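Got some structures for you, see below.
Okay, so chain A shows up in both of these, paired with chain B first and chain C after.
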Partner chain A sequence: MAAHPGSNGSKAKAAKLRVFRGTAAGGDFQNYEVETYPGMVVLDAIHDIQAKQSPDLAVRWNCKAGRCGSCSAEVNGKPRLMCMTRMSAYPEGEPITVTPMRAFPIIKDLVTDVSWNFEMAKKIPPFKPRPRDADGNWRMQQIDIDRIQEFRKCIECFLCQNVCHVVRDHQKKEVFSGPRFLIHLATLDMHPLDTLDRREMVKRDFGVGFCNITKCCTEVCPEHITITDNGIIPLKERIADDHYDPVRWLLRKVAGKPRAHKVPAQPTEAGKTADISGRHRVDGGNGKGELER
Partner chain B sequence: MPSAQSQSTSSDGSARYETHEHDVIIIGAGGAGLRAAIEASALGLDVGLICKSLLGKAHTVMAEGGVAAALGNVEPKDNWKVHFRDTMKGGRYLNQWRMAQLHAMEAPDRVNELEEWGALFDRTADGRILQRNFGGHKYPRLAHVGDRTGLEMIRTLQQHGIHTGMKVYMECTVTRLLTTPGSGGGSGAPGASGQEEGDAVAGAFGYWRESGRFVLFRAKAVVLATGGIGRAFQINSNSWECTGDGQALAYLAGAELMDMEFMQFHPTGMVWPPSVRGTLITEGVRGEGGTLRNKDQKRIMFDYIHPLYANETAPTEEEADRWLALSTSGKMDKNVRRTPDLLPRDIVARAIHAEVKAGRGSPHGGVFLDIATRRTAADIKRKLPAMYHQFKELGDVDITKEPMEVGPTAHYTMGGIRVDPETQQTRVRGLFAAGECAAGMHGANRLGGNSLSDLLVFGRIAGLHAGRHAKERSGLPSLDLGQIEDAAREALAPFERSSGPNPFALHEELKDAMQTYVGIIRTEEDLSEGLRRLEALRERAGTIRIDGNRHYNAGWHETIDMRNLLIVSEAMARAAVLRKESRGAHARDDFPDTDKEHFAKVNIVSRKHGDTMEVREVPLPPIPGEIKQVLEEE
Partner chain C sequence: MANKVVHLPVLDFGATLRKDNWWIGPAITFVILMGFICYATFRAFENDYYRVGPYLSPFYSPLIPTAGWGIPFLSPAMLILPGPAGFRLTCYYYRKAYYRAFAMDPPACAVGEGGRHDNYNGETKLLIFQNLHRFALYVALGFLVILWHDVYKALWFRDPYGTEASFGVGVGTLVLALNTALLTGYTFSCHSLRHLIGGSVDSYSTAPFGQLRHALWRGVSRLNQNHMFFAWTSLFAVALADLYVRMVSLRVIQDVRIL
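On to the complex of A and B.
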């Protein structure tokens, strides 16, 4: 076998892992031991187990560089990207426990069914820009987009969704979009070019009112997006004031320069949204994108 | 038109397997696939988009530095002709000129269109899209968002795409294309590249990663947009998905592969710690002023200026630094030339390789990349935030204070599926390819930023022509039950064996063989040894045994990927043997010179012939006079 990345002469140490193995029907922890090497992250350990001990261990990952947001799980009970979590951050000799995200149904081992997030994304009416400037450009000052560029760093790891108590309360999943999509709505609301007024929807369909600013989402965000302070609270405030003063809202929205009028958003046209299947389908192509749960 | 799940009871397999019918299916949801799907949907067609991971996670999400387009926002002198010249020169003139031309002409529209769909690029002082310097681009040309441009691009396309009516099949892997023999009707024009007519595509066979259940797709046209093959190498910057699936699927279905000898090694991958070896450091670091130094703190690139670039490259540190100051403030002076740190990637990668070999490398076998002494800490954190975090969290290095250690990492494949430059159609009628899995646009070496623009330009063209092809056909092509049963048998075989090797171990051996024998510097002897090892691996891969069931089984998925990796690796090694010269990303120790006579005029093409891979030379398409003129202007 080829040289393992760790076999660079240094003495190998062993680490213990307790990994959840099972499906929606039930499961249990399994103990593993792996050799560690410099810089090793939890995802490396899981891959090592896959390669040498349990080839059918299920884990989701893509980039191993903290950029795709696929490898979300809970490490010792804390929501983490496994590829950005160093083994050396945990006390030597004590087992590291790796479990799937709690808020989503388990598919197998560390893989959960996150399709609810994709359903939620579809419900948000898309960006609708005002016309271009005369020369075909759209001028925006960097300072006016700094904040929304922060939100657009989101890698859709759904760790914030996983910790939010409103999302965990499954009853509310129908009427609350979770922090990830509240910051997406905030992005659209603050986008200097967008012309659609989604305020009613933010309250009615995406449940901004359910958020009671615990800031758990901000704490776990691997992109360090200040979800609550910069996104959700301003969104709440805008909706509250603007309820009384729409002119003020419009002025603020376009950074002091009134431009096009916002038009109220309609629920997205039926049949125009994508039908996203992450699991084998049972809907027989009815175009509604019902997912098996 | 709503997509239909077939109720047919015919003998074509749709009765036996879950079947979906579309006008067009797109395999791959990276930048190219999403752009193709958006275009085909815009024609009013029923589109299915299939990807093997979740939507929005494709490898494109990792792209950092930017997307190249001659917008002329920072340097008004920039235009498509300059971009075209840079691209051809970077590709050492092996590019399909027509693709390079279309790319340079259409990239600005494609980038502007992203803004229309909600993308937020960094801005110039007057509020337009900001552009940064990159290797081989004469002017600041890369539209970007800090160092997370790919994320911005994929999220924009995703958010736009899900409102166009397309149907997305996530975590669904295609293992075979299905074809109809002979002339299946339609207007599959033989390409301008002179490819003759072959079979027609009829659909695809695959499995759901979650359940392991098989699924059948029927379509009038298919677009492959499956990305690259970086996972064939030990040290690489790629996501797990980059296993050459599209190239292998196309090859097995009768299409041709081209330019496979050209594998780009990006000069700056992380070299330490081992866990992140190969992880990319964007060229944007050098675009923002970063310099490469050896262990004696000497700036290395002044010793490696390629003759092709001598006229436009600063020979001294003083001039190089003046150029940087001017170009970042938007005031260019044509008498001040570019820093050699921004020479094209093949040149920089070989320079680093040579420094390390000569014993002047850094402690962990790379060289130093220094931005800390070049820009303020605040600038670095603002312009390169992801790099800052990547090193802080994974490498224990603060790049605002210390240099990074970097070395070459397998990054991008210029080669891929041979397509018609106008339509992106392959030799198989109705089968199109775009993005990194297609060949022709980049020749012997790709310039940074030219891939994201390639995805947009050719994703759109492939979607458009696949859509037109589908519109011209009345019904779905018929399926051949034999092909379907073979595909199912092939996929299930590893469960039926009583013993056999472990797929993960075999993959390690493959990466090791490719890294050692088909790597950054090649010789006939090494390549032959590489081919011997690949042959032995292929035999053993045919005996892999998988335990457990089909439910989200990583070992099984790996086994299926191995077949694809072995095909593309073999194509790469065989093409590398045939090209007896050094050019662009292909460097032969036994033929160190560039051959202006013979190899300057041919592309190397491989194709399945029975059970063997046939490799041959094909002449480059002639360049028309007016385009030659554009190339000669300066």
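On to the complex of A and C.
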């Protein structure tokens, strides 16, 4: 083995890996041995296998810096980013098991088909800000966005989607959006400038009631976003305001006010949303869509 | 390169590739919660040894006179315990604990559930009452007022003739105060309270009392980060406070006056 930049010159140690190899039709574990070096991560080991032993081993990766979220897999049964998982974190001599994300269909080896997530993303009516101020700007204060800044750290690795038992074990993909998109909905619902009311959709179409707050999504998040406590539970409380609070219901009846606090969202085809004025917004795929005027 | 081939395990109940002792957490939770439920049930039926000197067990506070109601086995605790029990049952933290430990739904993260839950509905049907947590919160806030009043009463010791009360602090006073302080921490770190005092606001800078609500929300949020700590310590504390009163009442131990 060639000296690695991070090597201290000491004798290289070997690590054993059990890597899932296969397709949707079925698969097996394959055992490998790789030489380790200080600072080595699991993705390095997979690349080593790919380079020297199994050139056909399929693995999805991009930045190798914990930013792109593409190398999500399960290491010793725990959902992890392979590029952020050090080999030294595991006991020497014991095989390290690497498997693809279980909640999604396998394409090949460690690569899964995560397209369901993107389909779900398209269903969420995008950000629709109120009109600009007289000077042409939108203004908001830091205290207004404290809460949602945390959610913007999401790198869409989909580890939370993978570990959520509603998606993973109960396969409720038709009626439940999963934690990543509940966080996205919370971001929009708490945004000080947003004007669309997505609450009815959060309950009806995105299935927030299916979440039973077991917090696995929070446990696996590589960005340490407090998904459940800061995102999903506030969303559940907002749904409780509208649907499960007889006091508020009575006050609404007495005051004669409608339940919706914003303009109701009206989902149309994927990628487009119409508000009640009939304007459409097109999402260009960068999450920062423009209003069509 | 070796080529030993094994099949990918199917996700039967409990199946996982995790190598840590994932079952310990749910097992401990199960034992502690079951232990508490058994003890509280026993004490609710015991209907005795809940008051000694200036001390009143939190299980029996407020002391409702049920003796004359003519209902067999009815104790004050039976009327009181559903309040705090409802608060804990619908608590967002405890849901994680008991869904894992009792329903095993899931038993732990990335641990298989098998085919046991084909009709999983989360909190949309049978468990829809979980959405009423804020009402349990209102009840819990009422109990806090009563319990702090009990702590105040535990500061006044009557003379042997029962005529005059003088200020004092006993170990029992501290036990009751600690219990109530932890229950206060648990209640004030509640997710529903966090929502009600400021979490429902989208724009603090423009909402009525927005700055104040943001400050309150931020304070509760800080407490909320320790909600799990308060949930467990207050559970132990309330059982300990009741046990202390019972032991003193039975003269198994003697209360020590500090002041």
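Quick note on the criterion: the second predicted complex is superposed on the first by the 237 of 293 C-alpha atoms of A that agree within 3 Å, B and C clash if a C-alpha of one lies under 4 Å from a C-alpha of the other, contacts with A are read in each partner's own complex, and residues count from 1 in each chain.
In this section, a residue touches a chain if its C-beta (ideal position, glycine included) is under 8 Å from a C-beta of that chain, and two chains touch if they have at least 3 such contacts.
Bear in mind the structure is a predicted one, so any value in this text is a computation, not a measurement.
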- Can A:Ala58 be said to touch chain B (first), chain C (second), both, or neither? first
- Task: May I ask you to decide whether A:His191 touches chain B, chain C, both, or neither, giving the answer as first, second, both or neither?
- Result: both
- Message: With both structures fitted on chain A, tell me whether chain B or chain C touches more of chain A's residues.
- Response: B
- Message: Looking at A:Met40 after the superposition, I want to know if it touches chain B, chain C, both of them or none. Which is it: first, second, both, neither?
- Response: first
- Item | Partner chain(s) touched by A:Pro131 [first = chain B, second = chain C, both, neither] | neither
- For A:Phe20, decide between first (touching chain B), second (touching chain C), both and neither. second
- Examine A:Gln149 and indicate which partner it touches, taking first as chain B and second as chain C; both and neither are also allowed. first
- Message: Just checking: does A:Thr99 make contact with chain B only, chain C only, both, or neither of them? Give me first, second, both or neither.
- Response: second
- So, A:Phe29: does it touch chain B (first), chain C (second), both, or neither? second
- Query: In the superposed arrangement, which partner chain does A:Met84 touch: chain B (first), chain C (second), both, or neither?
  - Reply: first
- Item | Interface residues of chain A shared between complexes with chain B and chain C | 140-141, 191, 194
- Note on the structure: In the complex, chain A touches chain B at residues 1-3, 5-6, 8, 23, 37-41, 44, 50-52, 55-70, 84, 86, 107-109, 111, 114, 118, 121-122, 126-127, 129, 136-142, 145, 148-149, 152-156, 188, 191, 194, 268, 271-281, 284-287
- Task: State the interface residues of chain C toward chain A in the complex, per the touch definition above.
- Result: 1-8, 11, 16-19, 92, 95-96, 99-100, 105-106, 109-110, 112-113, 117, 120-124, 127-128, 131-134, 191-192, 194-195, 199-200, 202-206, 210-211, 214, 218, 224, 227
- Query: In their shared complex, at which residues does chain A touch chain C?
  - Reply: 18, 20, 22, 27-33, 53, 74, 76-79, 94, 97, 99, 102, 140-141, 143-144, 146, 163, 165-166, 168-170, 172, 176, 189-192, 194, 207, 209-216, 219-220, 228-229, 233-234, 236-241, 243-245
- Message: So in the complex, the part of chain B that touches chain A is made up of which residues?
- Response: 2-5, 18, 20, 53-59, 61-62, 112, 115-118, 120, 122-123, 126-129, 145-146, 148, 150-152, 155, 159-172, 208, 210-211, 213, 215, 234, 239-241, 272-277, 279-280, 386, 389-390, 393-395, 502-505, 508-509, 511-512, 546-549, 551-556, 558
